[in-house]
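Two complexes come next, and they have one chain in common, chain A, joined by chain B in the first and chain C in the second.
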Partner chain A sequence: MSLQSALEQLAAHRIKNTRASQDVFRNGLLVLQKKGLKKLGDDGWTFLEQLTLASIDVGRLDIADQCLQLIADKFPNSPRVDCLTGIRIEATEPPETALKYYADILEADSANAGIWKRRISVLRRTGKVEKAVNELVQFLDTFYTDVEGWLELADIYATCNQYEHSLQALTHVLLLTPQNPFYMLQAAETAYTAEDFPLAIKMFLTVVDMTDGDDSEQLLQESTPLGITVRAWFGVKLCARRIAQNTNMKSPSNTSLPKKVELLDELATERLRVAYSSSGQKGEIAKGRQEVFAWVAAPLA
Partner chain B sequence: MDRLSLYLDPQIRDWVLFPITLVMILVGVLRHYVVVLLQSPPKKLSRAATREQRALTRSQILRATSANSPIPPSFYKAISQNLSEAFKAGTYLKDGPPKGDAPPSAPNPLSDPAAMDGMMAGMKTQMVMMVPQMVIMGWINFFFQGFVLIKLPFPLTLGFKSMLQRGIDTPDMDVRWVSSLSWYFLNFFGLNGLYRLILGGDNSADASRDMTASPFAAMGNTQPGQPQDFNKLFKAERDNLEFAEGLYSWVGENMETKILRKYGKLPYDSK
Partner chain C sequence: MIGKLFLTLATFALLHAAYSTYEHLSLLKALGKPEGSLPLDIVYESVLALIVGLLGASLNAPPLKDITWASEMKKRTIDGMDSRLGFAQYKSRGKLLF
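And now, the complex of A and B:
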């Protein structure tokens, strides 16, 4: 592989923020060997940071140390380098050493967001979930706009079966990124798991509304649901069933029951059938079609 | 008018025009580097101060989507009322909620050391700008007063006389001749483009920009970095929150009807 294409791939990974560590490491090593660092100019430092993280990921700590040394010499006292050093410590040292290191930095600069987040992740990793949640809540109280933090909090709550709390954290994510259907879907699924079916079905329908491509020319009835829209339709179907089984259920969030549940169920069934009828271009049968057809055909109540 | 009544000695070009221009450019570059050296690294905010500064964004984010909010009513109300209570009680204030019945006073910029630092930094850059410009102007005034340096290649109306012939009091001279002091001012205001080429976009070589921003003008209106009375801001934000709550509607409220209509299961006109 040539230096040029390696650099291009690395830049693409940087932009998309993908964690393809093996790939990054292979390309990065090539760049280092071919002395491409000078060619990169100011981009070289972000490249070194990327390579450091990747080589820690794949366990080549010698390369990581080498890169880290280069960066640390160029930017002493940089909070970003501190963060990298912390990650390097986490890789080999016991968690207590890392926590000590982070605590020292936070002592000097209590509002260092990166270090604070690392500390929370170490706490969670070592099983001190309660402490991690406390810290994370404090962190989010200070840095409200950190979507990653809110998602992490929702995840921690979900792993502890605290779905209502998880949903609460997700509402903040929704407020921060109201245009992202994936988070809406996650919130809908969390609401479903928390057994708030009226809320869940409306959220699933919102996901459908966000993703069904109604800005294209094609008639909606004739279009095929794709990607997360299919998943949202599954959710609608599941919720509609639950609601049909118990028509006077109470929603914990006081969401009113949707009207015309039968129609919704019918529509979801139809959409799922369409989704599984026409997978692929050559008319091949979608995987799991039989099962889905049998499932959607099952009676409502 | 006799156009060729003046003949400029080439020596003037070599020993006056070029030196003035060169000195001004070099002083600008020097000033840029001195300002870079003088700049202290941004002060690190404490956790509480960061929290105070960012508290307003919370309600702003909540309000931004309130007319078509992605979150259901019970959650919205909970967040909104929580914020409102916190703003009222002053939970987000850096020094904690105000105690007792002592009236919360607006922070005095002169007593707050952090604010003083910011002002001193402004004064320092001002001085770096003022001193060399005063020296150059004195130098030009002392040595080259009344010099005519160049002739513009295009005619101008009489209105430009005061701009181009500062320091020469002749009513009859053609406006196209530029005096030394005017050349200084033209450079003073016009070199920014050149600095941008030499030093990059956000250089601090251009002196004319700083002229408009005096360090004392910043005291009246609140600038970022200047002390703000967050207590007052929070109180005002409560009204906004209330207003947004009135506007609030959940995007998912009638989503089932919307979807059913979209997919032709329900006719559009019926409610």
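And now, the complex of A and C:
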């Protein structure tokens, strides 16, 4: 395992925002041992921040303290360093200590977004969900464009089974990131859980359009759905079933029903069959193929 | 690799042509007729160095990336999109369990 590949993997994790703490910790430790820190130059500080968070997540507080000391020495009065110190306090001290630390910083500078988010996260973890929601709504009033905040609000509402409010928060996410099919899929699934089936089927079809509509060379019949497109087709099939069972259904968001539900159902069935028929490596059969085929073959209403 | 080879060749050719020009000009100065024109083979060498250098630079470029959002989204995962790292909780019950 070379230094170069470790650095590349760490950069990929930074870009994709994944929380792969064990992988980051392993690669980061390799970089530290092979003294790759000087090679990174200015990027080295983001790498140290990434390694600090991963070490705290994995439980190796000794490495975390080392990295945190290096960063704090270089950037003494930085709000980002305050966030890291706060996270370190959260990891070992009782939550009241962490909350007091955050309250002190917010008194000095009440618009510190990072610290505010940490405070909301501690409130949610200790079970004060209502207070967390109130603070989060205040935070989002101040910082409207924070997609993470809206996603967190949607998540909190969903865990409390308030799916309509979750859907409302997700509509703000869709406004802020209209090109992202993952958030549209989350909104579609939330709409389905909130029993708004016409809206859900429209959103699932939009996801298919966003992820599959790029193949201009291949006809739709020839291409195989992959990734979240398969999940979206499952959603279309589920919604089509529900709509066919109750053709006079009222949508809470006043969305109109699709006119040809049977055709949509047929299309979804065919796409799922294609997705699960494609052979993977060495011609092996896709997992769960028999179950999927049996399920899609069941009659509509 | 071919790209880097072409680039090095082109650099050497250009430096060689430049040195030949300098030598030629100093020869003309020594002979007392400083207004002579540049010999054609030096010109050909410089043009060849330009062409080979162009080829080498194009071949040496890093692999091209797609420009559409859809192609970028194909490389992401749900876990990456939903990670909400600003709100992530770093305290779990793992320490008590393991």
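We take it that the second predicted complex is superposed on the first by the 279 of 301 C-alpha atoms of A that agree within 3 Å, B and C clash if a C-alpha of one lies under 4 Å from a C-alpha of the other, contacts with A are read in each partner's own complex, and residues count from 1 in each chain.
The rule we apply is simple: contacts are C-beta pairs under 8 Å (C-beta built on N, C-alpha and C of every residue); 3 or more make two chains touch, one makes a residue touch a chain.
Keep in mind it's a predicted model, so treat the numbers as computed, not measured.
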Fit or clash - chain C, chain B, common chain A: fit
Chain B versus chain C as contact partner of A:Thr255, first or second or both or neither: first
Which of chain B and chain C A:Asp57 touches, first, second, both or neither: second
Chain B versus chain C as contact partner of A:Phe143, first or second or both or neither: first
Chain B versus chain C as contact partner of A:Leu176, first or second or both or neither: first
Chain B versus chain C as contact partner of A:Glu90, first or second or both or neither: second
First, second, both or neither for A:Gln22, with chain B first and chain C second: neither
Computed vertex angle (chain A) for partners chain B and chain C, CA, steps of 10°: 50
Contacts of A:Gln168 with chain B and chain C, given as first, second, both or neither: first
Touching partner for A:Asp109 - first (chain B), second (chain C), both, neither: first
Lowest inter-chain C-alpha distance for chain C and chain B in the superposed arrangement, angstrom: 16
Chain B and chain C footprints on chain A, overlapping residues: 214
Complex contacts: residues of chain B adjacent to chain A: 44-47, 49-51, 54-55, 57-58, 61-62, 65, 69-75, 79, 251-253, 255-260, 262-266
Residues on chain A engaged by chain C in the complex (per definition of touch): 16-19, 53, 56-57, 59, 87, 90-91, 114, 117-118, 120-121, 124-125, 148-149, 151-152, 155, 179-183, 185-186, 210-211, 213-214, 227-228
Touching residues (chain side chain A, partner chain B) in the complex: 109-111, 141-145, 167-168, 171-172, 174-176, 178, 184, 199, 201-203, 205-206, 208-209, 212, 214, 220-221, 253-255, 258-260, 263-264, 266-267, 271
Chain C residues within the chain A interface of the complex: 68-71, 73-91, 94-95
